[in-house]
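You will see chain A twice below: alongside chain B first, and alongside chain C after that.
Then we have the complex of A and B:
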């Protein structure tokens, strides 16, 4: 009997307590790693969105397009819609133009910021371009010879507001 | 003891693999985060650099315009002295700008309107270039411009002509005020303005402009404040230390008599009016006191002569007096208010008045017997006795570098 006990006690194995402790420790470690992984993944995703999401790139494109159009616009003859949702400026087609012969109109419609370019006298539309989508709010204002666009983009998960201001340089 | 044996056993375990896997995953994510951070920072830096370079280029163009206008005012503009700088630092910023003004010839350039400014802004690796075609702007873009009130009597006609092109019948004129107060431009019954009428920034044209009269053009509010350059007489004028006085006689001044005088006093004596006659080239007078024109007296500018009059004081005129610019060329009589205090001008004429009046701080009252041709800038203008006011479009369209108050402005602008 004593011999049998000794034989049994020399067999390899874990006690229940050891297993419980091992499992608990493993769970804590795995949980920690998992939390860390998920947190890292969320941070990565958040940072990626902040840098490269569609609203961010759209806002950048809208700002650049607006600035380029306003900077070359004529300070004589620009119009703002009564509700501030649209602005129209006039400009010279190129260096050979003897008078202001083009117009550009920014306006917000159904959540999109659109840009129409066309000829003046007679007024003919040449191009309609959607600058960006996900527009939740768009307001244009002018002061003196400068124009401002306050654009809020919202894709459901991220909201960004960008403000662009540019001076009309042409006569 | 058993556990120790197990740990010391040579059997392969999975923990090391798992830990290595987690470390690799976390490292990859960390690297990804760093990469995104670096990329977004690079993008932001590039965008910032471009904005700074753009601002520097704009500043360069503005500085070039300022420098050429400074030279123009000092009458020191020549083909050899066109402003130019290279890599000047923008104050408060590390960005630099360079600008260059080019023209084959100043005089030729103004003829064909091809004086250009090219400005390059740099910050880091970002470079921005803007260019502009500049042209001259004079003091008289508007037929009548006031800071306060403009009063046109009933049946006044405001219209235009072009002394440089008599065939031009397509007049483009405007009158207006920079004020936004109510009823600053009361138009009398029968008054006709053949052009636009503007009011100050933010003003309501319906309340600022009176309901009477007819306006063939548009009524609108300014979107930019017009500039009123300060005019100062040349410091090179000879100070004669006396006044020009004619009592019942005629005194004649030619270009050699140009200079600074303490006043002009014309009065009647023995039934004869006093007359100041300008004859013989361009006469420039700086009057530090008042001009008093007694009954029947006249200031006559003979054909082939011209008078540029700077006055620090008031102009008062009795009955049947006036300024008689006989050639009828509006540039032959130019009147500039140069006083620092309050001034009042009462301008009369036995017949028509031809000339320009630039007095943005002065209350001006005009009594032309027939008509006035030219342009007026004043604090307030009262056009008595109705009649006609003809704006000479050549004052706006044919500005020369020798004109008083002329300055360069950007006519065309572009960027690359």
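Then we have the complex of A and C:
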């Protein structure tokens, strides 16, 4: 009798019920943790894309390039394409220029925003630059001596619309 | 008797209670990290909305400046072909400013309510003001009453 009691009190391992309960509880907790991890990973991915995706950086480059070109343009020599997909402005090459002698033309073609820079009189292309890709819509407008760019970028998973406006300061 | 007690005290493995304690602590840590990441994502969205409002304000101010601050400026007519901007209810103008118009603009799934106003500060100097408000809390709340965030920009033009 004494020997039997000792054997029961010193048993090793878990009972089947303990094991089932432990596994069930662990499964529930692990499932919750996994769902939480996946959700937070998605959130993190969205956060990263908001700041660093290609459409965000493309939009940044497009705004900077557009503003830089428009701000030094002449308010007396610019025109917009009939469909609003392109704008051409004239500007001074440098401080020694006595008249506007350069032009810059923004236009959208095949999902890319391009910039052509060239000489005026005679008109000669000096440089063709692709400003950004992923362009789904592009519209240029003018109001007096200001020019606006409304650009929608889409890389298939993210779509953003960015706006930019600058005044043409030069005569 | 002594040998058996020693064996029980130094048994291998962990008890169910210990395991559950460990799991609960781990779950709390993971939930904390998730909450942190969720807050970061939410704040990034708020920042993005704020930046967008600043760009819209800048766009409207510069466009209006381009027309020398005229009292006939209509952003819906100038920008309506590329932006979803319509005349609607808007916030109040700052004190002393005359309202040019109030508008509603939908951009990147956020509705901004806009007030354009102007004030002649002195001879040939006009202040142009843009006030934007939008609902930051909750998606789909587009009424101006739900707006809880604002951005204001004033620029000056010689006319």
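The criterion applied here is as follows: the second predicted complex is superposed on the first by the 160 of 171 C-alpha atoms of A that agree within 3 Å, B and C clash if a C-alpha of one lies under 4 Å from a C-alpha of the other, contacts with A are read in each partner's own complex, and residues count from 1 in each chain.
Assume a residue touches a chain if its C-beta (ideal position, glycine included) is under 8 Å from a C-beta of that chain, and two chains touch if they have at least 3 such contacts.
For clarity, every value in this text was computed on a predicted model and none was experimentally measured.
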item	value
Chain B versus chain C as contact partner of A:72, first or second or both or neither	first
Per-residue touch tally on chain A - higher for chain B or for chain C	C
Partner chain(s) touched by A:142 [first = chain B, second = chain C, both, neither]	both
Touching partner for A:126 - first (chain B), second (chain C), both, neither	neither
Touched partner set for A:84, first chain B, second chain C, both or neither	second
Partner chain(s) touched by A:24 [first = chain B, second = chain C, both, neither]	neither
Touched partner set for A:161, first chain B, second chain C, both or neither	second
Partner chain(s) touched by A:150 [first = chain B, second = chain C, both, neither]	second
First, second, both or neither for A:109, with chain B first and chain C second	neither
Doubly contacted chain A residues - partners chain C and chain B	12, 14, 18, 33, 36-37, 40, 43-44, 47, 50-51, 142, 144-145, 167
List of chain B residues in touch with chain A within their complex	2-3, 5-6, 22, 25-26, 29-30, 32-33, 36-37, 39-40, 43, 47, 58, 132, 201, 223-225, 409-415
Parts of chain A lying in touch with chain C, wherever the complex brings them together	6, 9-10, 12, 14, 18, 21-22, 25-26, 29, 32-33, 36-37, 39-40, 43-44, 46-47, 50-51, 84, 137, 139, 141-148, 150, 160-167
Residue ranges of chain C in contact with chain A within the complex	1, 4, 7-8, 11, 16, 19-20, 23-24, 26-27, 30-31, 33-34, 37-38, 40-41, 44-45, 48, 55-56, 58-60, 62-68, 73, 78-79, 81-83, 107-108
Complex interface listing, chain A residues touching chain B	12-14, 18, 33, 36-37, 40-41, 43-44, 47-48, 50-52, 60, 71-72, 75, 92, 95, 142, 144-145, 167, 169-171
